[in-house]
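Input: structures, listed below.
Each of the next two complexes has chain A plus one other chain: chain B in the first, chain C in the second.
Right, the complex of A and B next:
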């Protein structure tokens, strides 16, 4: 594919594939991420052959937790970003093609939702629903992430609606559904792909942040944010417990952002 | 102008009110319960609490009570602090404004200066590497970067304090200048964390805007008149690109507040973000509500400010 010809984009794809493979092969290669074979004797071991990334304060293997946590992180990030793009894309295309009154109403509504900072909105729901399951958390990440997508897609739809091609389509009697699916969607698909790729990194960072605060993925399910939280109490004696998940998260987010930028360069030749 | 401002302000308040009502209804419709913390109490006590907080009333009555209280500046009593939520919020607001203001100044000043500089050197070594480093900064989890900075500069080198806003053991005879210095020393690491993770957003935006204006006909005309290149860049192109930078203010505000929740918690910096995390951890539902209301108000105010500045900079804009 054209966007993936640069070395940077290739490294990014390779990084994500490596994380995915590690997570897929973990059941055969590594021990159970929640196993505590010797809760006292194997606490906070440094990196060794048996534990390449050392062990945490409950003597669980950090590499196994890293692999499983990465799979969860990527799953949550990807699902949330996809959901955000579907919601944002639909609302953007509807607003852009629905005429002035509906457009104004929808965009004012978007402004209202967007005025609540994402972390605040999610934390607020967690405050009232502390035992939120993972699927609800993912859903919440998705439904708080679509505002920017909706604005981009709406602007592009408005521009398209003013073109001769769309005037002709409407003159020929094309209905709302046909306009959206045959004319708008193919033309905003590129920007939607870019927004989705960039949204994955953002969602992963937020997921990690909220898990770090104890409001995201629940222990003992491993997550990178939760691992950083566990590691911070032993920062001086076992820095690897904090460094490893943070570096893994940074690498994954850099990779998804790089893919987003590569897509952007491919779909939008104006930016440099 | 005054009429425009009044209309925009009214629109802002309406936006905020819709957000508040939507959140209120959302939380009530979800399976959760504001009194989740009281789950282990005997049923009679739970009933009494429910009556005390009006949770046994119909949804619309509750909403009416909530909005009525809001109108009077009454947000209820914080369970953790035992004081009115409004009082707690006001007490922590200056701390967050200090840090947020310092990040704001750094973000936009550096973005303006460095973005202009990089645009003039677009594609060069300095441009490529600066962008690479700052894009990496944006991919760093802010709370993790904070921990790493604490590890290196507070625990390792002992240059800066690891947490808090001031030294509680500071002798009482120290003059105000010494106290201010102490607060600044506490602010360095959280400030650095937030700047490193947010800077690239306004910087990249400004760099692209300058690049675009550098191609404009009137910039070429200025060059043709013999205006030196440095003047073309600083006087013409960079200033014309100020509009897009100001627009970004509206997007930057929610980003800062989300970062603040994590960074303030990491550094025990007692601002709005720290308060929000504390409220959620301590199941202090009224306090969490107050924090969200204030956070949303800050975003609406940021948008309003961006619109106002943009209008002052460019009279053609008519939003």
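Right, the complex of A and C next:
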């Protein structure tokens, strides 16, 4: 695709591929992210050949934890964003192709859900279910992230429903399912892709924030947010313990946003 | 034998004060194998009439009254699945602009096949083969190859042929062609109209040809209904309409079309435009633009009056009471 020829988009793709490769190859290249070979002697070591990003307060290798944490972050972010897009896309297309009453009901329902701040909703559930496994946390991120997608897709569906092409499809005798899958979905796919890409970054940031607060990924499982939390206590003596996951998070989120922008350009007829 | 019978069709849209009726009591009928032309200026309600036949009036408009009968079937009250089996299957529709009425992300072959699949008339593979045949039938060269093309890769004329193939796929009894040639250049216009006429003869379809161009009507329609401001103002056999137009609006339309034969004369446009539905005059709706108006026209609403054999006109002049 043409937009991916711009340097920014290429760097963004390369960044995410690098994180993914690092995570995939970590078992062979790096030590176990939870290993503490010498819990006392190797505490808070600065970057060296043996530990390129140094070690944390429990003598664990930061690069190994960064790789593993990144894999989890990307997985959570991607799964949550995909889930949000599927839910939001379905509701958006249903509302946009339904009659006025059903549309109003669905969108006011969406407004009601959206009026609950996402982070608070998640913190609330975590408080009620402290031993929440990772898949449930991912699910929670997904089902609290679809409102914007639903609104975008519904607006686009409404626009499409008013076009000659959709009138023609209805004149042809196309039923509801055919309208949605054959006529709406291919035409909103672009916006859906953009929303998903941006949603990945958003979900990763939220995951990091909640993990920082101790409500996301559980220790000792590494996560970038958790690593920043651990590092903040030794910010002055071992800044690398905070800096490494912080920069990784920034780079990954910037990359997903840049990919979202590139997708937007790809689907924008004015730049095509 | 009457196939499609429209009686007193009214379409309402919410207005600022009261609802407006851009289609206000339209009646006509079409026989099997016959072409009826519905002629009128932009904004007279002719396209909306066509959409109303299939309950496709855009929101927030709705059909307020009247009946549309296809054979024994009343269409205005059909819902759900029953309505779906009429759309495309019994009544096919060709739209004005083939670029906007085709789905840009599907190949033309897929779109021609879609009607067959949607009505359960063929499997996907069989429908794809039939689509190629249909494309050949409407005169698309290299149909096998063109079936895999996307709408934007085709010329306007070819796209409209695709539009016709889509409408014909399920072999409907009635074809509604809503300004099928308006977006095309003149040479292609004639080809498309001839194609529709040939298919009508071959299949015995009834055709509702909607146009603003009386030139399109001549020689192709059996009867013409002239529409103005949401009403049919004159209806006659095509020859009679051209030879002896009765309504001043029809005369105005004819005078504004250039002719090749006969004495050289200036084209006489009708002054003004169709008023919007909220501002229709209470009595005769053409009265403010009419060059032959007299006192009664502004006071009493004319009905469709007999002006000859199968010839009706919504004008007091027919009664000769000047």
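FYI, the second predicted complex is superposed on the first by the 268 of 272 C-alpha atoms of A that agree within 3 Å, B and C clash if a C-alpha of one lies under 4 Å from a C-alpha of the other, contacts with A are read in each partner's own complex, and residues count from 1 in each chain.
As a working rule, contacts are C-beta pairs under 8 Å (C-beta built on N, C-alpha and C of every residue); 3 or more make two chains touch, one makes a residue touch a chain.
Only a predicted model underlies this, so the values are computations on that prediction, with no experimental measurement involved.
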Next on the checklist: Quick check on the chain A-based superposition: chain B and chain C, clash or fit?
Outcome noted: fit
Checklist outcome for this item: Three-chain overlay: angle at chain A's Cα centre between chain B and chain C, nearest 10 degrees, stands at 90
Checklist entry - Which holds for A:124: it touches chain B only (first), chain C only (second), both, or neither? => result first
Checklist entry - After lining up the shared chain so the two structures overlap, which partner does A:100 touch, if you call chain B first and chain C second: first, second, both or neither? => result second
Next on the checklist: Per the contact definition in the header, classify A:181: touching chain B only (first), chain C only (second), both, or neither.
Outcome noted: neither
Checklist entry - Who does A:135 touch here: chain B (first), chain C (second), both, or neither? => result neither
Checklist entry - Who touches more of chain A, chain B or chain C? => result B
Checklist entry - Between chain B (first) and chain C (second), which does A:246 come into contact with in this model arrangement: first, second, both, or neither? => result first
Checklist entry - Could you state the shortest Cα distance, in Å, between chain B and chain C after the structures are superposed? => result 13
Item to check | Contacting residues of chain A [partner chain B, same complex] | outcome: 108-109, 111-121, 123-132, 148, 201, 205-206, 208-209, 212-215, 225, 228, 232, 235-236, 239, 242-243, 245-246, 249-250, 253-254, 257, 271-272
Item to check | chain A - residues contacting chain C, complex | outcome: 100, 162-165, 167-175, 178, 182-183, 186-187
Item to check | Of chain B, residues touching chain A in the complex | outcome: 11, 14-16, 18-19, 22-23, 26-27, 30-34, 36, 122-123, 135-136, 138-145, 147-148, 150-151, 155, 208, 211, 251, 253-254, 257-258, 261-262, 265, 273, 276-277, 279-281, 283-285, 288-289, 291-292, 295-296, 299-300, 303
Item to check | Residues on chain C engaged by chain A in the complex (per definition of touch) | outcome: 51, 54, 56, 58-60, 81, 84-89, 92-93, 95-97, 100-106, 114-115, 118-119, 163, 166-167, 170
